[in-house]
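Below is one structure, written out as structure tokens; comments come after it.
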Amino acid sequence: MARTEQTTLGIGMVGYAFMGAAHSQGWRTVGRVFDLPMRPVLAAVCGRDRAAVRAAADKHGWADAETDWRDLVARDDVQVVDICTPGDSHAEIAIAALEAGKHVLCEKPLANSVEEAEAMASAARRAREQGVVAMVGFNYRRTPAMAFARRMVEEGRIGAFRHVRISYLQDWLVDPEFPLTWRLEREHAGSGALGDLGAHIVDLAQYLSGETLVGVSAIAETFVRERPLPGGGSRGTVTVDDAVLFTGRLASGALAFFEATRMAAGRKNSLRLELNGERGSLAFDLERLNELSFHDHTEPVASAGFRRILVTEPDHPYLEAWWPPGHALGYEHTFVHQARDLVEAIATGSDPSPSFADGLQVQRVLAAVEESAEKNAVYTPVPAQEVP
Amino acid sequence: MARTEQTTLGIGMVGYAFMGAAHSQGWRTVGRVFDLPMRPVLAAVCGRDRAAVRAAADKHGWADAETDWRDLVARDDVQVVDICTPGDSHAEIAIAALEAGKHVLCEKPLANSVEEAEAMASAARRAREQGVVAMVGFNYRRTPAMAFARRMVEEGRIGAFRHVRISYLQDWLVDPEFPLTWRLEREHAGSGALGDLGAHIVDLAQYLSGETLVGVSAIAETFVRERPLPGGGSRGTVTVDDAVLFTGRLASGALAFFEATRMAAGRKNSLRLELNGERGSLAFDLERLNELSFHDHTEPVASAGFRRILVTEPDHPYLEAWWPPGHALGYEHTFVHQARDLVEAIATGSDPSPSFADGLQVQRVLAAVEESAEKNAVYTPVPAQEVP
Amino acid sequence: MARTEQTTLGIGMVGYAFMGAAHSQGWRTVGRVFDLPMRPVLAAVCGRDRAAVRAAADKHGWADAETDWRDLVARDDVQVVDICTPGDSHAEIAIAALEAGKHVLCEKPLANSVEEAEAMASAARRAREQGVVAMVGFNYRRTPAMAFARRMVEEGRIGAFRHVRISYLQDWLVDPEFPLTWRLEREHAGSGALGDLGAHIVDLAQYLSGETLVGVSAIAETFVRERPLPGGGSRGTVTVDDAVLFTGRLASGALAFFEATRMAAGRKNSLRLELNGERGSLAFDLERLNELSFHDHTEPVASAGFRRILVTEPDHPYLEAWWPPGHALGYEHTFVHQARDLVEAIATGSDPSPSFADGLQVQRVLAAVEESAEKNAVYTPVPAQEVP
Amino acid sequence: MARTEQTTLGIGMVGYAFMGAAHSQGWRTVGRVFDLPMRPVLAAVCGRDRAAVRAAADKHGWADAETDWRDLVARDDVQVVDICTPGDSHAEIAIAALEAGKHVLCEKPLANSVEEAEAMASAARRAREQGVVAMVGFNYRRTPAMAFARRMVEEGRIGAFRHVRISYLQDWLVDPEFPLTWRLEREHAGSGALGDLGAHIVDLAQYLSGETLVGVSAIAETFVRERPLPGGGSRGTVTVDDAVLFTGRLASGALAFFEATRMAAGRKNSLRLELNGERGSLAFDLERLNELSFHDHTEPVASAGFRRILVTEPDHPYLEAWWPPGHALGYEHTFVHQARDLVEAIATGSDPSPSFADGLQVQRVLAAVEESAEKNAVYTPVPAQEVP
């Protein structure tokens, strides 16, 4: 079948800020790089301000613009609803789209509460029976290095886990004069570093290990409790965490450590992790996302050591479609890969990954972390419930 | 003026292999990320095989396909001719395009000989008088780290140069059973590692230092002289260099070292450089292209040291249009930036950089290197002639 | 005064295993490198096996050998008793030596319990009134990088602390067939990774920050619960921790994370730390002990970044006596520096650092960690009591 | 045989500056760490200033002091003459000592000219017939990482060599106001960076590869030609090179690059090397001397990469006598290892390595480099002559 005869797949995106720009780049590019079973078409983007959403549509390459997400969901030329709005609107949009028979891609964290996440996962479960796919946007799984790390774990090269440690360090709140944006207010953002950064590292730890967290103990802090209001003049109160640390146990008994902070001076986007197992170890830093460190503990000790694998070979995940060995990919490629995997799941009818059920499970961990932090580090189990 | 009313700029591209794919990604993306004075339109791509070029057009997003570059050059909807073919066809296409009043972007190296490069630079000089722009594709200048390094040099933070050392290490010829492709035959490729890799590092050294090389001394080697023919069966003779090393002097008297090789096991695309000056030093590795190392020699020695600058801040070159701090760019972004700079030069009528004259100067260095290597390392001046 | 007329300072050392060898190297070398106010003399070493201790004396350069530590303490030619035995004998020897008017250097951890440590600190407090000095051997404070880090903190270059994270990773227990040595039995070793590795990182965190931990929350694990007995044949039960993780709060409110493990495949002696403050950050890895990473957050963001300071300059701590810039020191130099600082404290009558009171405070932290781990991570305050 | 009955080996050292201090540390320590067949005794040190040499003897632990090297050579209690003086006195002292039947350890470079080096190698050849040993002090061979690298080469893990690149970068001459010491005057120092730093890297390249250089092409420069005289006031002329770069060919046809400079701002003692072969690659930086990087090119490409081997395991060279895994050694340990190897060679009557013949060969390379640099990079063969 010639490419021009491909079935098309109409995408409708809600939201067009940072995440919207990244998703647009993903949708525009994916069919130009990968050989796909369906051809994504950027049908329409949705936002409340008519002029702004029209300009965004032009800039990012969307054919049309809508100002009400319900209209977007209802469009005949939209088969996938891609949700890039803040967390408090995820549940309503996603559930409506799923009930309308549309596939859904939803940015992380899945929701601002376990209740919302449960409703979403429940809707996804029902929709799945109708052949509808729902995926949550934990895009860092789609760096080739992380996907390759997962493959190495599956191949048994790490062995029984002993330790998982993973930190996500940023520094944009170090300056106490940084203003009090909506991201620092609980009513809009849900939480601070925990939901924004912590969701990523909880998902990555569970994805890489293939295990879930069974309990956590957390401490959190807001170092700068008052910040200038964006308009200037007076100051307001920060109502989310600047940083959160938690320890935990995986199902296998491995010990885990997590840290999410916006107060680590000099760390811009440093998602660093290390896994130690009985047969080997893996290490990674998102600031060097084309590299994976691997120690093979089965080698003779004299010539063993952490090796720096440049994850840019054709037989690394996703790399068959890109450039020759040694040519770096960047942050936005994760969104191209996410788009590819979603299209493949839709075309083949296979289960999406990470699913809304995965997103719900992460939400349960985050809720346990919040509860533990409120109770001064008391060990808090993570419920292992089915999707309702 | 609304974006849809932008003047369009029709692009016609010749060649659609590796470089064609990279340039396509650049042209498709640049207007989606940067605010441009003109809107690039992917008018047509050209290749000799009708079915293949048609498929490439569909895959990479070109509106039309041509099978003769003369037809492409003649199209009214093409204002820019982007040449991504092997070096032996650069001169003919570029000169014809310039004489037809089309702007030209030509992949590096500019040509396979100084004579061709002179003719091209001469044509570009004449076309420039008619407001036509010609640029050569030394894309590594457009990594943010290299552009920022140049800015630091201009600001005097390195001071009088003492040393420039720069290597471009790859390993795809280490295996003696790698086949004898056209890249290993002099009649098609011109030279081996020298033209392919050496051209990049000569340009970068001169760009960063703002100086030209005045003389060189070179040795070269072909380690594996016979390789299997691609079809299998018998073996043929490699007629280009596997590796070349040369020392040289910059106009200021600084000492320079260059190395280009395809025989450095484990190095995939390692373009590494270091500049040492009286006030500071810079270091870079293309395998970590988002980072620049800087040592400030004016600081107290006890707290001085090479610092790793993550070149991902909004006030770093090109970064204002991309993602938040710490979010990595990749290899292909250099082509987006190249497209932006070419569009800006065309729209504002400013001189392009690197110009064909710059490309010619690099060609003269490469010719001096070849001559020196043939004469067993004899010191060979680089002629400092005007563009004819 | 000529060097040969220096006052001598007789050293008597108890124990001659790994730590004894390291201390011997320190005592032999210190006077050859530093200009000291007193000249250390290796008077006698003590051990229970007469032949073995005699051989150790010859090998390590001690003039005489004793088989009863009481005899060593009683010698007129011994003014300093250096205790390198396992933790369960520290209290008895140290208290006896102090009461006999001898200066004491005691290996870490100070003792196997808070009670013993209190008795030791109490004895040291009384002895101090008589001009007698007691120091605990937290030798990592004496890497030039750590001493320089402390100086930078004191100079205000880090500012108000936000985060302290510090891990001590080893891998010698990864192999489940590693035998059940006395270090893995609680009755002899007190604890596992906690006392052995955790004591170092608690001390370093408090030393560098100049603050104490006010509370902790810990989890611990013994992954391999049965190991072969050293003699072979049957297996026995491991009664200490393989790994311990704990979070905590410093007096200033900064968040801290600690990890000590012998199960991190590929990490040989990786004591890694990072401090983040309002004005800057510091990072260090003991596997690269000549280097300190420093980020100056007061610099313009475009040229800021973690710099690698090679701590080998003459104006770095301890370096005035060693080699030219760039010449690495090693692990054992910490013992030379420790010897120097102790001799200086004795000669000048100044307070030793780290004192037994410091050692007691670390012991209280370790006890709180053990208590928290037993109670499943419950937040456990560290008592801030005076030395009794 | 009990240790106290060991045969003693009397050492007499000429010179007591930087190298004398380092050698003293080696001789004092070697018998305390390694089990040696003979026991080194620090018999006497020699220098021209009576008071100063007496003080040096006390400081560094030498039993006696001499003011005429002839007296030192003549002492009955001296069996080894250790020469730590500037290069212009090496030949006279070494030849006299060898003719007196004394073993000799001579600092590098062996001499200031090929003629002197030939006379010394000739004397060593004759003395060798009498069972007398002569060794030259290329101490960097004795870092465990370099000795282990050599072992890996011997085991065939690198395969046929393609590239050797090795730089020795320092920065102590970057400041143009650094004074004109004797090291910057040809009549005393012989050459500048070439003899001081270049000798090390030529020896290392040949040692690691097991091959000799057959020809070189060099450029050199003195960037700062006038410097203040040490006394102050007026300025004098620098008569040695600040920096030298040379390319070359090994006997096997591999291409080599060398650079020695004192003008690389921020590089303190950075001896960096990389070897690329058909089966693997090795990399090293003296500023991280406990680490060796190794890429195994025979591994599947997806999981291959440069691994960081921490060369601190008991089965790494020299390490059986030192500390547990992961505990760093430093610069001065190379002198302990050198002493060990010399004592072993003397006790067993085996050939020393590196021998004076090796030192002569290095001298021939340095002379070819100087000749090539004077003739503007002309390719200059290295004579492959026998020791006369």
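Annotations
Letters are used for the chains, namely A, B, C and D, taken in the order the chains are written, and counting of residues starts over at 1 for each.
Please note the rule applied: a contact is a pair of C-beta atoms (placed from the backbone, for glycine too) under 8 Å apart; a residue touches a chain by one contact, two chains touch by 3 or more.
Not measured: the values here are computed from a predicted model.
Graph distance from chain B to chain D, where chains that touch are one step apart, equals 1. Just to note, of B-C and A-B, the chains joined by more C-beta pairs in contact are A-B. On a Cα centroid basis, the chain most remote from chain C in this structure is B. Chain B and chain C have Cα centroids separated by 54 Å.
The mean-CA centres of chain A and chain B are about 35 angstrom from one another, to the nearest whole unit. Multi-chain contact residues of chain C (touching two or more other chains): 267, 295, 304-306, 310, 325. Interface residues of chain A facing chain D in the complex, by the touch rule stated above, are 148, 152, 157, 294-295, 301-310, 313, 315-316, 325.
Within the complex, the chain C residues that touch chain D are 3-4, 18, 22, 24-25, 28-29, 32-33, 55, 58-61, 170, 172, 267-270, 286-291, 310, 312, 323-333. Of all the residues in chain D, the ones that touch chain B in their complex are 162-163, 165, 167, 169, 171, 174, 176, 217-219, 221, 223, 242-243, 245-249, 253, 255, 257, 259, 261, 263-267, 274, 276-281, 295, 297, 304-306, 376-379.
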